[in-house]
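Look for chain A in each of the two complexes below; its partner is chain B in the first and chain C in the second.
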Partner chain A sequence: MPIIETKHLYKHFDGVRAVDHLSVAFEKGQITSVVGPNGSGKSTLVNLLTGMIPVDGGEIVVAGSVRFTKIKSHEVKDYGITRTFQDVRLFEQMPVLDNVLVVLTERGVFASLFEKHSPYHLEKAEEVLRRVGLWGKRHELALGLSYGQRKLLEIARVLATDADTILLDEPFAGLFPEMLKVVVDICKELKVKGKTLILIEHNMDLIRELSDHIYVLDAGKLLAEGKPQSVLARRDVIEAYLGE
Partner chain B sequence: MPYVIHLLIMVSIYSILALSLNLVVGFTGLVFVAAAAFFGIGAYVTAIVMTSFGFNFFLACIVGALFSALIAFAIGAVLSKFRGDYYTLASVGFNIIIYSVFLNWQTVTRGPLGIPGIPRPSIFGLSFSDNFSFLILASLLVILVFLACRFIEQSSFGRVLRAIREDEKAVSVFGYEVLYFKLATFVVAAAFSAFAGSLYASYITFIDPSTFFVNESIFILAVVILGGLASNRGAVLGAAVLVLLPEALRFVGFPPDIAAQMRQVVYGLLLVILMMYRPQGLMGEYKL
Partner chain C sequence: MDILPQLILNSLIAGSIYAILALGFNLIFSTVNFFDLSYGAVAVIGAYAVFYFSKLLGWPLFVAVPLGVLISGTIGFLLYTSVYRRLRMRRSSNTVLLVASLGVLTALQALLAIFFSSQFQTLSATSSGERLFSLFSGSITETQVIILLTAVAVLLGLAFVLKLTLFGKAVKAVGDDEEVAKIVGINTDKIIGKVFFIGSAIAGLAAILVGFDTGIEPIMGLPLLLKGVIASIVGGIGNVYGGVAGAFLLGFVENFGIWKISGEWKDAIAFAVLILFLVFRPQGIFKK
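Coming up: the complex of A and B.
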């Protein structure tokens, strides 16, 4: 059963159709990749699914039953959805540990006012920061981290939320091989745990290795879909992607 | 000695203003340039209910804080539509509106004539009419506001505010309704600023609109930035430095005919140098 579906989803920017009546479905417990050349609408799709930008048309269906044409970014957590960002967005002038704790504690105004993080929150933060190898840097400000470490901190933040559906926007870009292995292993572990992963990525080798299903977008439209091996071998996909 | 006590009272009043504004600017990252508006609302409400309705100072203080919080709730909802520089400009506009109300609503505020004869505080036969006892009262209020701000800072709420300051869109994806957090902070800060206004009105015993114009808001913002954004101790230190520094310059010995101008020049120069070499302020870690 799809955990998220889009039906004729539409978004334009100043007349340019960034996502053009797109209908795709992301199956529960699978890794689905969305690929396509720059400007094909991949990140716009993620931004629409997470309420970062308003939908212009069509609808989003969550878990087969919740249909909406408008969603606010603070509501996506209620649907068990979380994400990372293409341009890494950390809480820069906060310690690494606080970057994780902030996604673990109370969401309500009054509840959070009378709460300090508990040993449970600290344990969870330690677990995810150790998983990405950043526990030793927990007291450093996020802005002092290298690019790869910043990506790993975003992954740690996502792991801490324990969300069922995770949208990863170019998680492997700019990572050293050791860091890349950590993120790839995390993706595999999340799949084993039954999480749904939506991957926006350009690394075709990793897409072949990890994906159960892929969608290829071009100019906001669906160009192809299916198993990675067959879709990525298609002539029209290669032409769209490489401009050949 | 009376001069020193007077200065310490002024440091206390500006400490409360800086602590409150720090919640909005330092912790939440909203460059709000209208602290003097809530300072003025607290002062005017206190002055009016004490002189016209015979309220006790402490009750007047609470009424002033509630009134200020109510205005902040309405204004905060409007200001939340703006971002960055536009937010700052809109806040300046708000300060000008409030100043105009003080100046022109003469049946209530007496306009440019101001409100004289505001009584000093007293409670259960205990009077704060002399400056030393007033200093004790003002210091107690500083401690209360300081502890309240520290409580907020150390709570999960405080961590969310800092995250909002860094990237409010990103924090919202993790399930936080950013508007509620910003509004709550704004309302609390406005109430605290009103306390400072109540103290000021009762201390000086006279208020007029000129004290609550935009230049006063800029001064309070300078106190917060100089002390160190997102630092409660910095807010108090910033208030002490910016209130006491011009007074200290009185003793430098400039030629009498240019002394006043020279004090302003040196004062401004010191601020520029400090911001060049320590942009995060005296005790802060965060830069705007």
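Coming up: the complex of A and C.
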């Protein structure tokens, strides 16, 4: 069963159709990759799915029953969805540990004014930071991390949310081999745990290795879909959109 | 009486008022990243609420003062929900928000003048003067002692909330990146609403203290706002604690600046400090 579906999803910017009546489905417990040349609408799709930009037409269906034509970003977490960003976005002025703790925070109206983190929150934060190898940097400001460490912290934040559906926007770009291995292993572990992963990625070797299904977009429209081996072998896809 | 200890005391008292103003202003600015000019008028409303309850209705100060603080906080919260939130949802630029808040400042000051007249009023309980204390060869009134203690209490209270509570972390996250804060599940709207309430309540407290020390008038909102803004910029705009450093620097420079010249130069000195910082150290004493 699809965990997220789009039906005739539409978004334009100043007359340019960024996502053009797109209907795609992301199956529960699978890794689905969305590929295509720059400007094909991949990141716009992620932004629409996470409520960061308003939908102009069509709808988003979550878990087969909840239909959105308008989704609020802060409610996305309530539907078990989270994401990373192509240009890593952290809480720069906060220490590494707080970047994770803030995700775990429960926010009652008055209680939060006096409430501190519970031992459970701290244990969970330690667990995810150890997993990405950043526990030793927990007191450093996010601002001071290297590019790769920033990507890993974003992944740690995703792990802390315990979301069922995770949208990863170019998670492997610019990583050193050892960091790349950590992120690839985490993706595999998440799949084993039954999480749904939506990958926006340009690294075709990793897409072949990880994906159960891929969608190829061009100019906001669906160009091809299917098993990665067969779709990525298509000459028209290779020549026109993947530049290989 | 030696002049130097008195100048130091005066500087500390002025710095304390500016510090309270800067704490509230910077709290709001660091979260929403726009200059809320209505902050000054919201502060004065709290002072006039105390004037109304204590002087006109005769209620005791221990009821009137907390009510005044609560009213300032509530007005700030309502302004956010009714004006600024709507503009932000429409993705209005910071210039639009600035102009809107200027309009609110002007309108609220006019309303205060209509309801309470433009006459200068005082909040002090006694007409025969206050108790005076001697400190390091200088003298300080009871109200001024309360001002010093309140500034310390507000600073410590806010530091506790921002540094140690879940709410504080959420406030910092919203100030850092509001979009990402939403994605990780923070209801940024509620957080900003609370920030406006707390920041405006702090502003109200500052104006009430000024009202007891010197007095109130409807147009005092703008000078209060400007001192809070100057202290914030000098200390480091958006840095809640930097504003406190800026406030005391401003208090000292103002009071020592008029040691040998007329007191009317005070505001000119404050703005000279602002311009010097904008030109030579625009990030302020501390960065955000």
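The rule is simple: the second predicted complex is superposed on the first by the 236 of 244 C-alpha atoms of A that agree within 3 Å, B and C clash if a C-alpha of one lies under 4 Å from a C-alpha of the other, contacts with A are read in each partner's own complex, and residues count from 1 in each chain.
By our rule, a residue touches a chain if its C-beta (ideal position, glycine included) is under 8 Å from a C-beta of that chain, and two chains touch if they have at least 3 such contacts.
Just so you know, these numbers come straight off a predicted model, no measurement behind them.
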Handout entry: Combined model on chain A where chain B meets chain C, clash or fit
Key = clash
Exercise for the section: Mind working out whether A:S40 is in touch with chain B, chain C, both or neither, as first, second, both or neither? Expected result: neither
Problem - Touching partner for A:R89 - first (chain B), second (chain C), both, neither - result: both
Practice task
Indicate the residue numbers of chain A shared between its chain B interface and its chain C interface, in ascending order.
Solution key: 50-52, 72-74, 76-78, 82-83, 85, 89-94, 98, 101-103, 105-107, 109, 112-117, 157, 161
Exercise for the section: Flag every residue of chain B that touches chain A in the complex, lowest number first. Expected result: 152, 154-157, 159-160, 162-163, 165-167, 169-178, 180-181, 184, 285-287
Problem - Touching residues (chain side chain A, partner chain B) in the complex - result: 50-52, 72-74, 76-78, 82-83, 85, 89-94, 98, 101-103, 105-107, 109, 112-117, 157, 161
Problem - Parts of chain C lying in touch with chain A, wherever the complex brings them together - result: 161, 164-167, 169-170, 172-173, 175-177, 179-191, 194, 288
Fill in the blank from the handout: Given the complex, residues on chain A that touch chain C span 50-52, 72-74, 76-78, 82-83, 85, 89-94, 98, 101-103, 105-107, 109, 112-117, 157, 161
